[in-house]
Structure formats: C-alpha cells, structure tokens
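One structure is given below, represented as structure tokens, and several questions about it will come after.
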Amino acid sequence: MNHSLSQATTQLHTQPFSKLLNAEVAELGDDRVALRVPITEQVLQQHGFVHGGVVSYAADNALTYAGFLSLKQNVVTSEFKINYVRPAKGEALLARAYTVHAGKNQAVCRCDVFCVQDGREVLCAVAQGTIVVMLPK
Amino acid sequence: MNHSLSQATTQLHTQPFSKLLNAEVAELGDDRVALRVPITEQVLQQHGFVHGGVVSYAADNALTYAGFLSLKQNVVTSEFKINYVRPAKGEALLARAYTVHAGKNQAVCRCDVFCVQDGREVLCAVAQGTIVVMLPK
Amino acid sequence: MNHSLSQATTQLHTQPFSKLLNAEVAELGDDRVALRVPITEQVLQQHGFVHGGVVSYAADNALTYAGFLSLKQNVVTSEFKINYVRPAKGEALLARAYTVHAGKNQAVCRCDVFCVQDGREVLCAVAQGTIVVMLPK
Amino acid sequence: MNHSLSQATTQLHTQPFSKLLNAEVAELGDDRVALRVPITEQVLQQHGFVHGGVVSYAADNALTYAGFLSLKQNVVTSEFKINYVRPAKGEALLARAYTVHAGKNQAVCRCDVFCVQDGREVLCAVAQGTIVVMLPK
C-alpha cells in the first residue's frame, strides 16, 4: 500500500466501525475511491455469504468518500439505494465509487461492489446515492 | 425477552455478523419485526454517531426478516433504499420493518429505524425494499 | 370538489404536463396530499395497464407536493424510488403522499399509489423520496 | 432514422402513453438502448423545465427496454430509483439505459438521462432499477 493510501486508511480508521471491519482505502482518485473489506468469518450471514449489511456498509462508505472527494467539505450520505446482483463471497469486497454529478452542496455518486475471488473481480452489487455537505448548526 | 423472541434471536445469531453486532429480535408479528442493535463504541463513525453502514445493516436485516415472515420461505434482499433523516445516537437502534405487499415470490417491505434515546424513540432513517424467495439452483 | 381542492387543482394545472394528464388534487392536509389521475386510453402501455411512467409521475408529483406542504417554500424532488406491486388499472390512480421527516431545507416523504377499481382502492405502487428547497441562484 | 430504429419506434408506439409523448428509439444495441423524448410545451412543469414525471417516464421506459434486450422475454419494471441532477430543458430528453447484470429472471439496469441542448448532451438524471420477466399466471 502506498503512502497516501496508508494515510487515507488511517483516517478511515477514525471510524471505529470501519476499523472493526478492517476496511482499507485501496484506490484513490480525484473523484473516485475504492474501499476494500476483507471477507472473514465475522462478516458472514447464515449461508456463508457476506452479510448484505456489510455489502451495504461498503457501498455507503465508498459513496460518502467519493462525495467528499468532489465536495471537499465534511459530508454525510443523505440516501442511497443498492441492488444485490450476486451472493458475495471470496477474499474481499471492493467497493468502487465515483461522482456522477457534483453541485455546491451535494453530489450524486454511484458505486459498484465487487467480490475478489481468486484474484478476479466479480460484480456483486450496484448502488447510487446522494452525498450532502454537513451544514453548521 | 420472552421465549419466542429469545429463540428468534438465537436464530439470528446463526449470522456471525448479526452476532458481532449483538442484534436482537425485539418484537415479532405475523408480517412485522423489530430488530434491536445496541449502540456501542464499535458501531460509531468519526463524529460519534452510529455509522450509516450499521443503520443500513439494521434496515436491510429487518426488511429481509419481514419479507421472510410474509413469504414463509428462504429469502434474500434483492434491493433496498434508505434515507437517513437524523444522526443516529443513543442506547440502541430499533429497526421496525413490515410487509407492504407480498406476492408468491417477492414481498415489498418498508422499515423505520429509530434511535432509542433515554427510553424515547426518535426516527433516524426510513427504508423500502424488495425481498425475494431464494430459488433452487 | 370543494373550493380549496379546486384552487389547488387550478394551481397544479400551471404544470402543462399535469394538465395534459388531467391530474387533480383530491385530498389536502397539513403535510399530506392525494393526487388523482384519471385512467384513460392515453396513459396506457401495450398490455392495457397504466404505463409505469404515469404511475411514477403521480408518485413524483405527490411526493413533491407533500414536501412543499411541510417546507412551505418552492421545492423540487431531488430523488425518489418506486416499487410497483400490481399492474395498474381501473378508473383512476390515487397517489397519497405524506411527510415522514422535514428539516429546514429538505423533507423525506413517502407515497402510496392506489388504483381505484369499481370505487375500491387497490395498492399498486409505493414510493419514497427526498424533496429539497429550491435555493436562489 | 434507420430501419430497425424505425421499427422499434413503431413497436414503442403500441404504448399509447409513449405515442402521446412522441418518444422514439434513438439508439439500439445488444443490451442498451436510448429513448428520445422531444421537449414540447406539454411536457413542462410550472417553471418551464421538463416535468420530473416525464424524466422518470423516460428513465423507466429505457430501463425496461434495456432489461428486455438482455432477458429476451416479456418484462416489467419491478422498481427503480432516480436522482435528478439538473433542471431538464432543451430540445429533447435522451434516456440511455444499459444492463449491469442479467440473471435468468431479472436484470439490473442503469440509465443516464441527458438533455439535448443546442445539440450538446447535458446529464440531467441518473436511475437504477430492476427489470423482471413477466411470469405466466
């Protein structure tokens, strides 16, 4: 992992939940990011696949991150939707998010979540959502 | 917790991820369910609120459960959308889901996610999704 | 139709598209509204049901209206999602929308779209979306 | 317009609502399609922009069409979500949809809706949805 990814991951781990899941920033661009979540026993559901909630965590967090990269301010996810297209299994989830449109106060982003299986990436979910700037109270 | 809720929670914990988060089945009806996720340090993000991914986990799982209650077969969540309406904080998340329409192979369900704060319930997110019967391969 | 509904419908018809579809404001509350769209030949698809685009128009417009009632400013729909649960047919669509949560600048609303069939209401779609205040340029 | 687009448009016009809006099939591929909806007075809202319901019609119909191209059976849209990113105005809407994943009975598709303004395409909405095979009763 290069220096800036390592720094970004350290930053990500200021979120206790992201640290709990050992999520990492795997790729970082101007308006796009990939988060990697290793698939371990603790993220599974009863059939041995990754829990949908973990897939949605990865999508949600990657969407927020992509929105942050575009808006360059503190942001939160306002809403998102996710379609699961395949059961998630393998070595890791890779959630790739990018900004589709950014205004002054909000960005609309999309995310593709892949499962890394024997080093190959297989699409397992797609998401779309709205990221908004956190307004001062 | 009464006996059937205790049993349902034991069943829920066959999902390692639900066990990791100490999720419980708090209410159970014919076509509705409430899941309770205690708010502890590990589920937070960097601002001290519950991570959106945990809120979406609770919504996703409650939606799936409500769909299962209506369809009475093995099910998976096909898709859902969630709107976050308030930062989530307090003692616990309470995700209440119910079936809006059930056909033979799929159910459309809604979920309201509350934060329990000093014993009072405050709405923090609303979700809507599609639950489908798992078809044999 | 009473006076205030008649006025609201006149207002609605400042939208040429709502006038084209002969949409009416059928019910009006503090934070809720019902729009009625008569089912005529022109709103159908090839199987004789109401076109999904007309159902989504009704949902979209009702959501926006409910958000306007709560926010009391010029608003636009930022996003919404819709699940179709039954083929739409009958005399009219009735899209009932209400606000779930309203902040200063945005409201999250839900909508249930019914088909009126022989005077009876049958649920045909459910929607959820975000309505935002139009900011001055 | 070439022959196959002309035929596809004739087919599209078996939907009275698509004919009412003068929608055309503008591009056609193996798993992708573009629908064109001319912007005329009748599709506007009160501020002079295209009504959101017309944008959602275009997205819905393009998503369904893309799903049909992949599934090669009679299909319906089960659900979709749309984010409006800019007010829609210009000569025409162009809704480009494509399949992200197709199984045996359902496809997940995305759609980008552009406004054609002085011949230039400007993104005005993005959508994502599920298209399902119509099962025999």
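Read from first to last, the chains carry the letters A, B, C and D; within each, the first residue is number 1.
Definition applied: a contact is a pair of C-beta atoms (placed from the backbone, for glycine too) under 8 Å apart; a residue touches a chain by one contact, two chains touch by 3 or more.
Remember, predicted model here, so these are calculated numbers, not experimental data.
Of the chain pairs B-C, A-B or C-D, the one whose interface repeats that of A-D, sharing more than half of its contact pairs by residue number, is B-C. Note: centroid distance subunit A to subunit B, computed from Cα atoms, is 21 Å.
Averaged C-alpha coordinates give centres for subunit B and subunit C that are 29 Å from one another.
Chain geometry summary: the mean Cα position of subunit A and that of subunit C are 34 Å apart. Under the contact definition stated at the top, the residues of subunit B that touch 2 or more other chains are 78-79, 81, 83, 108, 130. If the chains shown are joined wherever they touch, the resulting network links each chain directly to all the rest. Of all the residues in subunit C, the ones that touch subunit A in their complex are 78-79, 81, 105-106, 108, 130, 135. Against subunit D, in their complex, subunit A makes its touches with residues 81, 83, 85-86, 100-101, 103, 108, 110, 123, 126-128, 130. On subunit D, the positions that touch subunit C within their shared complex are 14-18, 20, 41-46, 51-54, 56-58, 60-61, 64, 76-84, 87.
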